[in-house]
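The structures considered in this document are given below.
In what comes next, chain A is part of two complexes: it sits with chain B in the first one and with chain C in the second one.
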Partner chain A sequence: MFSLALKNILFYKGRSITTVLLTFVSAMLFVVYVSMMDGSHKSMLENSLKIYTGAIEIYKKEYRDVGGNEYLIKDVEKITKKLELINGVKSYTTRYETYGLLSSKENSSASMIAGVEALKESEHSSIQKALVSGKYLSDLSGNCLYMGDGLVKKLKISLNDELAFVGAASDDSFAADIFKLCGIFKTGSFGFDSTSSFVSRDYFDALMYADNKASYINIKVDNLEDVERIKADIQKALNDDTLEVLTWKTLMKTMVDAMEVDSIFGYISLALFLIVIFFVIMIYGFVNISSRIKEFGVLESIGLSNTNILKLLFYEIFILTSLAILIATPIAASITYYYTQNPIIIEGISEMYKDYGIVSDEIPFDFNPFTIIWNIGVIYLLNLISIIYPYLYIKSFSPIEASHHV
Partner chain B sequence: MFRLILKMAWKNSFLRLSRTLLVIIMIAVSMSMMLALQGLYDGMAENMLDKNKRSDSGDITLYAKDYRLNPEIKNSILDAQSIKEDIAKMNGVKAVMMRLNADGLASTARKSSFASIVGIDLAEEEKFGEFSEFLNSGALNFSKRGALVGIELAKTLKLRIGSKVIFSTQDASGEINSIALRVRGIVQTTNIRLDNFAIYVPREKVSSFLALNSTTATQISISSDDETLQKTLQTKYSQLDVKSFFELQPMMQMMQDMMVIFNSITFFIVMLVVFIGILGVMYVSILDRVREFGIMLGIGMRYKYIRLQIILESLIIGFIGFVLGSIFGVLFLYYLGVYGLDLSEFADAMQSFGYETILYATIKLSYFTNTFLAIMMASVLSVLLPLRKIKKLNPVEVIKAQI
Partner chain C sequence: MNRIFLVLVFLLSINLYANEMAEGLRAEDIIKKLDENMRGENISMTLSMKIVSQGHTRTMKMQSFSQGTKKSFTKILYPPKDRGITFLSLDNQMWQYIPKIERTIKIPPSMMLQNWMGSDITNDDMVKQSSIVEDYNPKILETKGRLVTIELLPKEEAAVVWGKIIINIDLDTYTSQKDVFYDEDGKEVRVFIYDKVQKIGNYYIPTLWRIESSEKKNRYTEILLEDVKYDTEISDAYFKKSALKRFSR
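Right, the complex of A and B next:
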């Protein structure tokens, strides 16, 4: 049956070439498009994770929903000691965040001010790497303020200028101080850079009465794929119902959902192309079969069963699809691999879409063998489905009817 | 003669019914899916564009020269009231509104966030952009220190109708001022910045809070279809920055351009594949009837009539596919236009990216005219190759060979 299928393929060249060509186009389109979609989503998430959000964060329950000083973590040391024993936790850092008004001589602006452990923070976020002028914080940098360049512009200040801070301390008392601008950072995230400033944790704790308190604990893990397991281990170790351990999937739920919506639209668009191509492959298969009815009638008369006919059609489409896939897969995989290593750069795209959290002009692809395999699997499946109607059509003829068919 | 050829073409089109039906279904399915997708994408983009215009900058906006670089209240338009009144009298102006904006800190008892106080006149806003349509919950009510809050800001600060919020900022004299407000309504404009940061308060209240004259505003926005109006305003108010919607929001222009490019590529690929489909069927259909055409040529029928018959066959199949596709397309688009595509499950994500949770499709005549032309063209082009084959036929040899 296999050799008969091979002969048919060589004999009906028009149908064979069209099927191979269309399958090649579908496979290329599918693999490359999905890779680009996954790559840009992955990059957006990774960039956001790199900037400030942790893979895992520990909060006092209600802090994120209700907020307020009564929902601060109050015994930080006890918790962090337990974290050190958990497998997969690479490092952790604590942050004390508050909002306040910062005033320069000319302007005032609201700011998120975070007290951070300077050294540890540099491993957990990209704020140190984002330094553009001045210097980063140290544990001994006192009232030095490390500020986003958007906020610096808003306040119209420059390095070493003084700023007045007014806010509320952790015991709800009034807190005020004079800070000095020591460093400016620019992560590329428009929202973050125009709203955030940082100060050494030790200094800020004294000002805000926040010793051994934290808004949350930020955790870096060895492997991002292990977050669920590590989260479970942390929950077990803490054994505290008043705390919640959240992974990046929850912390960045809005972005994860947005990616999902984008993927849905991407797949809908792809489905349109694949369905049209599926129809054409089916039509070519059907046209080919319908012009061979007589041949099938003769074959059935000499003892070929329906199963054999199905086998024949299966071999034909399988050989043609495999041929197309064999050519398309290495090409598509090479394209996706190349653009994973050398992302497409569209100058100005991050500036244009800054409100949407785009921080880079790069559009990387995602080279993932598993994704390529399931993409190819879908193409195989569609092509195999395309023989069902032609097969049923042949089956509707009795051998005698088929032998007399013109 | 034409009637006879048309009759023959019609009958021959359905000679191989299954084959013809498959092509018709292919055209109908691909066309209706393509139209639904185009309508949905266009609907999304148009909705976003329309709401962004109506909720903020309109078609043209006037700012003080330095305001866009330094959005501070010292860069306000001092005689905004009289400018607004003058503009309202100009030809081609549908509506004008002015706003007074200032950035600051919004705080509740538990949370704080950046915010912008936006001084508006509700009646003016209603006329300008049907502001009441943006109300998500609560009421458009400024009584008893009432304020309207952007939906994302409300989420950030966990505000509900009746919640108290304190807004602090620097006034015109450089002093830090605070104002206590009560949330009366939550608005969703799909304009990301407004939804994330805006606290709408009566304009006169914002003027007195910022220690400014009531005639002062940071922006004057105009709704107009007149394309020459911007030039006129630029000449008349050369001391101000007069910008069109797309100059202020280049991202919207880019988004619209990208949508056009995406829809065009989709259209081209789908039509190309449709062309290949029709070509395959027409090619085989003609080859099946080579003997028939040989006889027709043999008994003296001129080639041009055979050509006409084949073209008509292809056009009939394409046309029926188009009609069926149009019916399905209209049904899809009507459903998506009236009921929309409900993505409430992803409400937070949609809202944070400036989309509504239910996406509505738009329907344009051009979808159908363009597709009609493309399908008809694909139908005609698909028979060119088989026609060449027929033209080269030697009637005697063909009849002999088949016998």
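Right, the complex of A and C next:
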């Protein structure tokens, strides 16, 4: 049956070439498009996670919804000791965040000011790498303030300028101090750079009466794929109903939702394209088979069963699809691999999409063999489905009717 | 028959319109009298503020001077850590002097909804940036004997922080018994409860205020007004920017 299928393919050259070409184009497009979509989503997520958000964060319940000093974590050491025992937790750092007023001689602005463990923070976020002038913090940097580029512009200050800080300490008492601008960072995230500033945790703790307190604990994991398991382990170890352990999926819900919506629209447009390809292949197959009804009638008359006819059609489409896939897969994989290593650069795209977490002009692809395999699988499946209707059409004829068909 | 019907409809319309006008004017008058009681021509007082949160209590004492609706000066007297911090509001702008860092800081409009000194009142309350007389349209919701409930909705052009305020006013003294504040989405944010009304000169004023946050349970602020004096001589020197540092000592 296989050799008969091969003979048919060679005999009906027009139909064969068209089917191979259409399958080749759809496979190429599918693999490359999905790789680009996954790559840009992965990049958005990684950039956002690198900037400041942790893979896992521990909060006092209500802190994120209501906020305020009532919902600070009060006994940080007790929690961090437990974290050290959990498999998969790479490192952790604590942050004390507050919102206060920063005031230069001329301007004032509300700002998020975070007391951070300078050394650990550099491993957990990209704020140190984002340094554009001055210097990053150290545990001994005292009243040095490390501020986002946007906020610096808003306050119209420059390095070594003094700033007054006014806010509420962790016990709600009044807190005020003079900070010195020691470093400026620019992560590329507009919202973050225009509202955030950092100070050494030790210094800030003394000012805010925040010793052994934290707004939350930021956790880095060995493998991002294991966050759910690690989250469950942390919850079990903490065994505290007043705390909530959140993964990046919750912490960055807006972004995750936006990515899901984007993926859905991406797949819908791709599906429309694939449906068109599917119908074209099916119609070509159908037209071809319609002209071969007499041939099938003769084959049935000499004893070929319906199952064998299905087998014949299956082999034909399988050989044609395999041929197209064999050519398309290495090419598509090479393209995705190349652009994973050398992302496409579109000048200005980060500026245009900064609100969506795009912090770079690069559009990276995601080379993932597993994704390529399932993409190819979908193409195979669609092509195989395309023989069902032509087969049912042949089956509707009796052998005599078919052998007399013109 | 039709003519009689038309005349009745006409008379009824006039009556409804007249009632509406009277009610509108009356609500405005009530709010105006309430506001006059709270401000007088000028007012000075000492305030004790008790902030209860996180299971502990913090107490503050302040001295305050106000002139009409546009000028006010406040100085922290207690605790010693915060003593000498001064606040000045002039024409809806607010400044703060902090002796510890020897700086005068202007509070930006974006921080008007921030809590003042960790209490449940906001910077806007301190400045009285939004005026219940000028910035809101009052409407009587209910009258029960001498107690009237008025709804205040912001005027279209008014730059205010509240979406709605419901005030329960005692018409014998023209003082509020309870104010409920709502945000722009109609969500209840906080409640002011007033007590211990005293007559001082020509004015009535509740001298005990309790402010409860609707979101944060087990947390409240109590303000006790002491040594309240209306319409006295308050030096203009209190309402200049130089006063912040000068009267801080």
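Note that in this section the second predicted complex is superposed on the first by the 406 of 406 C-alpha atoms of A that agree within 3 Å, B and C clash if a C-alpha of one lies under 4 Å from a C-alpha of the other, contacts with A are read in each partner's own complex, and residues count from 1 in each chain.
Going forward, a residue touches a chain if its C-beta (ideal position, glycine included) is under 8 Å from a C-beta of that chain, and two chains touch if they have at least 3 such contacts.
Just so you know, these numbers come straight off a predicted model, no measurement behind them.
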Identify whether chain B and chain C fit side by side or clash on chain A in the overlaid structures. clash
If we overlay the two complexes on their shared chain A, which of chain B and chain C does A:119 touch? Say first, second, both or neither. neither
May I ask you to decide whether A:103 touches chain B, chain C, both, or neither, giving the answer as first, second, both or neither? both
Looking at A:177, would you say it contacts chain B, chain C, both, or neither? Reply first, second, both or neither. second
First, second, both or neither for A:232, with chain B first and chain C second: neither
First (chain B), second (chain C), both or neither: which does A:269 touch? first
Who contacts more of chain A, chain B or chain C? B
After the superposition on A, what does A:195 contact: first (chain B), second (chain C), both or neither? first
Quick check on the superposed pair: does A:66 touch chain B, chain C, both, or neither? Answer first, second, both or neither. both
Output check: A:22 vs chain B and chain C. Expected answer is one of first, second, both, neither. What do you get? first
Name the residues of chain A shared by its contacts with chain B and its contacts with chain C. 66, 68, 99, 101, 103, 108-110, 166
Under the touch definition given earlier, write down the residues of chain C that touch chain A in their complex. 51, 53-54, 56, 58, 79, 81-82, 85, 96, 98, 100-101, 103, 105-108, 110-111, 114-115, 117-118, 215-216, 219
Which stretch or stretches of chain A touch chain B in the complex? 14-15, 18, 22, 65-68, 98-101, 103, 106-110, 154, 156, 166, 195, 253-258, 260-261, 268-269, 271-273, 275-277, 279-280, 282-284, 286-287, 290-291, 352-353, 355-356, 389, 393
Contact footprint of chain C on chain A as seen in their complex: 66, 68-70, 99, 101, 103, 108-110, 164, 166, 168, 171-174, 176-178
Touching residues on chain B, where the partner in the complex is chain A: 16, 18-19, 22-23, 25-26, 29-30, 33-34, 37, 70, 72, 103-115, 158, 168-170, 174, 176, 192-193, 250-251, 254, 262, 266, 269-270, 273-274, 276-277, 280-281, 283-284, 288, 343, 346, 348-350, 352-354
